[in-house]
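A single structure is presented below for examination.
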Amino acid sequence: MTAPDETGIGVDEWVEQSEGRREGHTGFTAPARRLFDKLTPGSRLTLFLLAAATYPFLVRGSDVRIGITILLLAMVALGLNVVVGWAGLLDLGYVAFYGFGAYFYAIVASDQLPAHWPTWIAIPIIVAASALLGALLSLPSRRLVGDYLAIMTLFFAQIFVELVRNFERLPFVPDDLNLTGGPNGIPGVKPFEFFGFEFNGQELLGGTLPTFSRQYYLVLVFLGLLIVGLHNLNDSRTGRAWRALREDTLAAEHMTMPVNRLKLLAFAVGAGIAGLSGALFATVQNGVFPNNFNLFVLIIMYAAVILGGSGSIPGVVLGAVAIAYVPELLRDPTKAGLLFYVGIAVVLFVLVRRWDKIAATVGGVFVLGLVVRFFSSRIWDESILGEVNDTSLSRLLDDWVLNFESQRDVITSYAFVLAIVGVLLVVLATGWWKIAALIPTLYLAILVWENKLVFQPSITRQLLFGAVLVVMMAVRPQGLLGTRRVEIM
Amino acid sequence: MKPILELRSLSKAFGGLQVIQDLDLVVGAGQIVTDDDPVVGQGEAVADLDFSLKPGEIVSVIGPNGAGKTTLFNLITGIYEPDSGDILMDGRSIIGLSPEQVSNLGVARTFQTLRVFLNMTVKENVMAAAYGNTKVGMWGSVFRTPSARREEKQISDLAESKLSFFGERLMGYRWDQPAYSLSYANRRRLEIARAMATNPRLLMLDEPAAGMNPAETHEITELIGQLRDDVGYSILVIEHDMHVVEGISDRVIALDHGVKIAEGSFEEVATNPHVIEAYLGAGAAGTK
Amino acid sequence: MEFFLQQTVNGLTLGSVYALLALGYSMVYGILKLLNFAHGEVYMFGAFAGYGMLTILGGSSALVVPVWLALVLMFLAAILASSAIGVALERFAYRPLRQSTRIAPLISAIGASFFLQAAALLMFTANSRTFNTPQLIAIDSGIPFGPIRVWMVRVLVIVTSFVLMVLLYLWVNRTKTGKAVRAVSFDREAAAMMGIDVDKVIVVVFLIGSALAGIGGVMVGLVFGRIFHIMGFVAGLKAFTAAVLGGIGSIPGAMLGGLMIGLAEAFTTGYISSTFQNLIVFGLLIVVLLIRPSGLLGRPELVKV
């Protein structure tokens, strides 16, 4: 699946064609991408902020929370992007800094401690402390490269969760001090408050803005500032040095760049941003719990960075929007179904690309469904007795896809395994064989979806994120908006 | 007049393999200085005069593959530490310094294996190398302070001027292309431009003409001469192509199995029986 | 003394499983320079395949075949399932990325690991399963070891792992394929030019590494009873650490590292507290990594300039 032109990079022929490749942008997203390329970074940001600012008016009440989740993910993913996307340091402990910031804020702004710090003091201190922690943890990691760094930082993340879970049981902690709340976390974190302006509570400033919206705009302001700052930083001496470090550490070192100091700085900046996002998260959620900072959350952050395009600020923001929004869609079976079938259509389009073949595939799946249903109803009554699940889309599939009454779990498990095997075969096959493999695979996928996945949004989400990472790496490692990267070893 | 770089009985072995053995070398002292004959007083003026006429010198290192030439570079730039012997910059030992520290002392190099920052643009490659000579901090960049803007402009101008050195080759639209889109020959040029941006006094080029066609080789020969004459670098260059070596060298040293087997002008070295034997023994075509 | 011996046996049991897992990590890393994060999931699926076979055979209490045959079939099922997954991972998640950036396969591995976990959750739910081993092999069977008696299952685990490791060592060092494996891990391009089928060698390595992981999964199920869908994560992490500790790429190193981690864990649990088991093991490993980044028996990597 390696792009064919990658083999000859640097060879004269390849260089000659490189002009042509730069034209780039083909396919159905091309117009959007060309338009995007034409905009200056400033106008892109303005457009984004304008769109984002109207969001709370478009949705009702608590749906604004989804927006807050998206913005927070964008912030924290931008921090991760500094470490991974720019400096090229694979930090798998990043989620710990997010957790550190959140816990720090929760502890100083709740009843865990008698001292309640004012927000405007707490935030800068938290950012500085997180950055310092990041720098400290990067000290031992300095000499480690690549995978060793990854494993070491992963341990840090594990240690963080263990510490938070077991804090009050640690030998050096006095019995009556329970800072982290152990497995129960810290509920009841105070809202943000800047000089009397509360970002929570029911009525303020004439009560014009509901609570969630107020928090939403707060996070949006932080995100906007962060984007500007990071954009400037990327285009500076420091940003260039980070990227040089990522490209070739040894060469960077020979070109007057102090690689160790730069690594430390990248870790610190990333950790500072994570700490800030964590603190915001704590106030928005009104509490912190150990599971908010586990490996799953780390994967979500990585998925956002990778999907959008590691190294690209608009890419990472876009990635965060996609990654944080999809799970919300999955919660509602109707929307989830829509997403699933649209997803299938897109995959079909990308994989097959020819109308006659697409028509053949769709027809094939349909016929297969009818045949399977016909025979299975002869052999085994229960295969169609089940109640059809209650989404409008699925009702269309009533007479077509099997709905099991008993043994649903067992059968869907087998169907799931077969569907995976089918997907792998589709990847391997070419021409009409691909279609032949695609037809049963699609049928099985729909079967599994309708019988199981649609009711299991959290599993679906996990499957989806895992698959996103694998598929993106194979198909488009640069992400949606990133630029293609080349590495020669 | 102190030489820029001086090696004193340098040795390096990897495992059991002796790669560099008791090597002495002086670079950048004009053409009259020998290390055991320090020039003082009246002589200094002469040296100075000489220097101003011929600010640097170009020393070529030749030798069959595996002779230890690249290892010599790696020792000087601090990738490896020598087992024994000393490396002096401006008379001070630089043993134990990191590559970054060495580069900040004014030593820049290119790599035989081509190590440009592939996914940065051509111009950014050169701009990145100005790091050591600039000083705006992170916050200055984040807030785009006036001094940060000013410095950014300077870096940009510096990069453009260094790239312009290569004329059409690295000109114009190519500046904003990723470095991986360059041909191998152009990457070699870009590496030189990048090295120049660190503001060095000693430039070390590892096989700059490798992979170039005869016309390009000719071009690079002239360019190396210009680098010395116009900019004033002292240059230490590893090269296999004897036309290049003949065209540029003030002095040539020949290595074989890490041992210096000959030193002197091109003619002296090229006709030295040890050198011919080393090359023929290694199966190479020998002196052309 | 008794307690000490008991913990030693615990540590050796756990350690042999870690060692089996570590071997897979180490071999894959040696040959591809890839940290196969999904290796722990391969092991988890091995455990579930073994459990599935046990269920098919009637379960621990109502076996329809002799115990030894049941054990053999369980291990076979695990080997089949695990190596199928391992080879599929290599073919679909890693092979397309051989030419890409260093970071790409790592992220792909994380994604694959995550996907496999979710798949397990989908198929097996979040409930843990138990092998009910005492009904299979009496708890008072076993051999005396000083003042204590070592349960037969533990003997089985320790001896089998040891035999497997010796076989692997001989295979790598004495056979032609083993030689090819070493050649490819030393320099893939040169090996390819010498006419070695690199793809095939890599597949073989994944096959063997995954099979060992599957065996380890069944062993853990037998000894500790419980298996569950996220068991692969922490075990994989520790096994990788074992590999790093011993010196990644080195087969004796993986064994040594696995045993050391198993022992460290058993003694922490035994003498300090199981709460801090992970904390202390991870902390210890960070220290070791810092002092010897290339591990106890590993060789530092060459820098090519």
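Labels A, B and C are assigned to the chains in the order they are written; within every chain, residues are numbered from 1.
Convention: a residue touches a chain if its C-beta (ideal position, glycine included) is under 8 Å from a C-beta of that chain, and two chains touch if they have at least 3 such contacts.
Computed from a prediction, not measured in an experiment: that's the story for all the values here.
Among the remaining chains, the Cα-based centre furthest from that of chain C is the centre of B. Ranked by how close its C-alpha mean sits to the mean of all protein C-alpha atoms, the top chain is A. Rounded to whole angstrom, the centroid-to-centroid distance between chain A and chain B, based on C-alpha atoms, equals 46 Å. If you average the CA atoms of chain B and of chain C, the two centres end up 50 Å from each other. In terms of their C-alpha centroids, the spacing between chain A and chain C amounts to 30 Å.
Residues of chain B found to touch two or more other chains are 79, 111.
Multi-chain contact residues of chain A (touching two or more other chains): 250, 485, 487. Looking at chain C, one finds that residues 303, 305 touch two or more other chains. Put simply, chain B touches chain A in their complex at residues 77, 79, 98-100, 103-104, 108-109, 111, 115-120, 124-125, 127-134, 136-138, 141-144, 148, 151-152, 155, 177-178, 180-184, 187, 194-195, 197-198. Against chain B, the residues of chain A that register as touching in their complex are 9-10, 12, 15, 18, 22, 229, 232-233, 235-241, 243-244, 247-248, 250-259, 265, 269, 483, 485-488.
Contact residues on chain C toward chain A in their complex (touch as defined above): 29, 33, 35, 88, 91-93, 96-108, 110-119, 121-123, 125, 233, 237, 240-241, 244, 275-276, 278-279, 282-283, 285-286, 289-290, 293, 303, 305. Of all residues in chain A, those touching chain C in their complex are 1-2, 6-7, 84, 88, 90, 140, 143-144, 146-148, 150-152, 154-156, 158-159, 162-163, 166, 169, 250, 295, 299, 302-303, 306, 409, 412-413, 416-417, 420, 424, 427, 452-453, 456, 459, 462-463, 465-470, 473-474, 477, 485, 487, 489.
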